[in-house]
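Just so it is clear, A, B, C and D label the chains in written order, and each chain counts residues from 1 on its own.
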Amino acid sequence: MPGRKWAGSSRVRIERILVAVLWRVWLLSPALVLPALVLPALAQAQSSSAASVAPSVIEDLVAANRILADQGVLDGFGHVSIRHPANPTHLLMSRSLAPALTTAADILEYDPDCNAIDDRGRASFLERFIHCEIYKARPDVKSVVHTHSPGVVPFAASTVPLRPMYHMAGFLAVGVPVFEIRKAAGMTNMLIANAALGKALAETLGDKPVVLMRGHGNVVVGPSVQMAVFRAVYTEINARLQAQAIALGGPVTYLEPEEGAKTEITQQQVVMRPWELWKAKAMAGK
Amino acid sequence: MPGRKWAGSSRVRIERILVAVLWRVWLLSPALVLPALVLPALAQAQSSSAASVAPSVIEDLVAANRILADQGVLDGFGHVSIRHPANPTHLLMSRSLAPALTTAADILEYDPDCNAIDDRGRASFLERFIHCEIYKARPDVKSVVHTHSPGVVPFAASTVPLRPMYHMAGFLAVGVPVFEIRKAAGMTNMLIANAALGKALAETLGDKPVVLMRGHGNVVVGPSVQMAVFRAVYTEINARLQAQAIALGGPVTYLEPEEGAKTEITQQQVVMRPWELWKAKAMAGK
Amino acid sequence: MPGRKWAGSSRVRIERILVAVLWRVWLLSPALVLPALVLPALAQAQSSSAASVAPSVIEDLVAANRILADQGVLDGFGHVSIRHPANPTHLLMSRSLAPALTTAADILEYDPDCNAIDDRGRASFLERFIHCEIYKARPDVKSVVHTHSPGVVPFAASTVPLRPMYHMAGFLAVGVPVFEIRKAAGMTNMLIANAALGKALAETLGDKPVVLMRGHGNVVVGPSVQMAVFRAVYTEINARLQAQAIALGGPVTYLEPEEGAKTEITQQQVVMRPWELWKAKAMAGK
Amino acid sequence: MPGRKWAGSSRVRIERILVAVLWRVWLLSPALVLPALVLPALAQAQSSSAASVAPSVIEDLVAANRILADQGVLDGFGHVSIRHPANPTHLLMSRSLAPALTTAADILEYDPDCNAIDDRGRASFLERFIHCEIYKARPDVKSVVHTHSPGVVPFAASTVPLRPMYHMAGFLAVGVPVFEIRKAAGMTNMLIANAALGKALAETLGDKPVVLMRGHGNVVVGPSVQMAVFRAVYTEINARLQAQAIALGGPVTYLEPEEGAKTEITQQQVVMRPWELWKAKAMAGK
């Protein structure tokens, strides 16, 4: 029943108000916060699957879903996950749901084989194996984004490689591999719907931050959910800019790998600036 | 039940307008208000043509109109119909009206010859024959969408065929025919304004989900209103993606028919995910 | 002073509410309306320069300005005029102001030489001669729109002619001349800033509905303000669609003149459908 | 006076947050609220660095940041500065912050070597040297804008020169130089992160209004903050229009230098028209 997906939303709202109040009061006077921390409402607010995770971590994962929808990188499809902070072989990700509608109550925990720990009957994304297999293959990765990013799909279907137009996308300078599912499994429904396909995709990704998926979209990874979102947004923008530059008809100068590597150091420093902007916009009125 | 909360929305709207009018007139002169309270206009508020159809079915047809406007597939023109659930030779469609403004009270019923059952003087779409003739020719079709979808019009005028860029548009892999109205009727006003032209268009559509109309737009059909809307939205998006891919200058890999066929099975499973998102957005504040 | 441009807005609002109320009450019972028509508030609502013009006519001119801004055809620049209904050698147009901010109080009346009848110190558009000279040359024209329509500027600078992609822009099938100001006046500031340039532009327009201005934008005319707005919007959309079709690389089929002529008859019938939609959207909350 | 209504907006915002917090805490436990009412945080709300500058000047600088974000010229990055009106070797610019979030309290003052006069621990933009070095080199410049303007980045990476399509961008007719940071400093992180790079960039800018930065964006200068914003917006729009014109495939006629020079005189006269529109839109609800 569609009504089900709004279940618990009032609880979530109360949780969010409490977090906001406590954070602000903390800034004024930390001593005032302690009594509030034992309020029973808060205890009920936690989703059982995310019980051991700090609310601010869940909040940022929810924000990541809504930011990517608000920025036009995700539409009704696509997903974002984070590695479980306390249990690094597990991951946290929304149940099957349009990303723009995600709330804290929708976040589920998955084991290394992509089984939901406690889904209480709620459906999981068919392509969750993208996430499980990448976390296994890439210990450095703390967040994975899968999109049908509209600027990126044309490059995924083309022989023209995606390359960095400017410093905001310097992370692309290491090269952007393209995963051709036909090579891994012949004629399919294009989905990464099992562990074997997830593993093949992770192999094509290798040690890179982005892999394109022919006839599908892309996967973007990062050392934090903020960096993964940043890269997913600027991969989309860069793809559009590159297409425009190519259409001008003259030669195009891309960032060299050395330039790309140097820009990455700076991006780590400034990533919270757009994140705070995007988050404020995506969460407004929620 | 989701349908329940929209039940009676047309009555509610009329009551709201009356309340607003009476309130304003009251400010001018309280004495003028009393006679208005007994006006028979209110009694006519119910739509008789949709009387035998469940409110949730009408609601989804209204939502389809508003979703397609909200998603940029329809502007002030275009229309959506469904086959009458209880009387399958009849169809349900809005009176002549910009789709974004459709309400339950605007839905009319048409017989197989495209005569309105009870239009109470309200105008019908000039091109309603698109719908009537396709329902006759295609028993599998339960919903028909006609658009001037902006990404699609360039393909309708070009010899470059529309082809599927990714799994969301896998339904295009069976091929997308183009209807050239000059071949059917010479120099016209481009409209499918009678049964003969509707029949010619239905023949060009054949057993496909989408037909382009040269110098005009397209028609998209589906086994449900949700699938027809899904296909209309992703036909638009795919057209834009394909144009961008072509502009990159390299060869483009499209989905093969076998891939397209396999994606269609999945789309049937997930169609409600974007529908619920689009519907929530399109109906917000209505 | 910037505050000045909001002067009279509360008056305008009252006028608008009254008109809305009276229209609705009229539908219920015409007899109730008469007393309201003599309310003194209404008498104060009229702008002196538009004193002899029905409020609904002024309202539609205001709406035209806001619609074209809302639809992305006008930005901070551009203007819309109508021929004075009672004094056909005169015209009505906003004082110099961004079109999105136009109110009834901003509408001024101009004589055939483009002198404001009563500007009360308010500035006029530098390019008002576009309008004055076209009304002189074209008795059939009741409304003139001047824009920097973003889809159109590329065609104005190119040798590629603007041609109709679909029936919504069938009025372009008679051909779209391009005004090269260098031929009329050599090196200028590109503005139609006097009667001689206005006359030269009107000559290039000839008997057509649209003329492009190289390095500038376009002028669109119509037999009513609704038709002029309709044509300005669909000239913009058609330009974008044509650019996309050309970029696909294959031959493009445009509407033939005979097709274009036939579509124009239909457009006259349906023009109020998008107008009502656009007006409701552009005037919402104003 | 227009400035008047925004005066004290930062104080008002802080008061509003406090009221919201206290109200929520009051609901939890009224006793917790009293101590918070005497917190000294409120006393720190005034910006000391802008103490000697008229509020209306600060307001326009804040508006410039928000306008450029609202118009899509800036995203989470980029910055706007003005020359200090009373101390012309100094400049005023926001602390490191997404431009859309700028308030009067965020404006800092910098000395000629780009040291903040009183940052109270708040971070400055890494690339503030763009501004300091241009003010030194160009006494005529009163405002500097640095952007990653999306239409412009493709031209910055291409050999195709940016040229004026229409009178709104006539200021481009003097030529638009491109700064290649590799020539100045080899392989870098692409940022103008010190005075030497700022000086090199200022040299490439020369006496022009706009310089493109390869792999980065652009810098736009003007004799007032309104003109700098106007030029930044129309540089972006012109870039998009030029790309579309090139894609049409035929020769394109650009404004000649003489035409460009003449348009600049007019733009100075009309610059407040779009400024007032953009400002009203960008500051709405702030």
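We adopt the following convention: contacts are C-beta pairs under 8 Å (C-beta built on N, C-alpha and C of every residue); 3 or more make two chains touch, one makes a residue touch a chain.
Just so it is clear, the model here is predicted, and its values are computed rather than measured.
In summary, the pair subunit A and subunit B forms a contact in which the copies contribute largely different residue numbers, shared numbers making up under half of all those used. Using mean Cα coordinates as chain centres, the one most removed from subunit C is A. The geometric centre of subunit A is 31 Å away from that of subunit D, both derived from CA atoms.
Note on chain placement: the centre of subunit B and the centre of subunit D lie 45 Å apart, centres being C-alpha means.
Among all residues of subunit A, those that touch two or more other chains are 247. Going by the touch rule set out above, the chain pairs that meet are A-B, A-D, B-C, C-D.
Put simply, subunit B touches subunit C in their complex at residues 17, 21, 24-25, 28-29, 32, 35-36, 39, 41, 75-77, 96-98, 100-101, 126, 148, 150-151, 153-160, 187-191, 214-217, 243, 246-247. Listed in rising order, the residues of subunit C touching subunit B in the complex are 17, 20-21, 24-25, 27-29, 32, 35-36, 39, 164-168, 170, 237, 240-242, 244-245, 247-256, 258-259, 262-263, 265-266, 270, 273-274, 276-278, 280.
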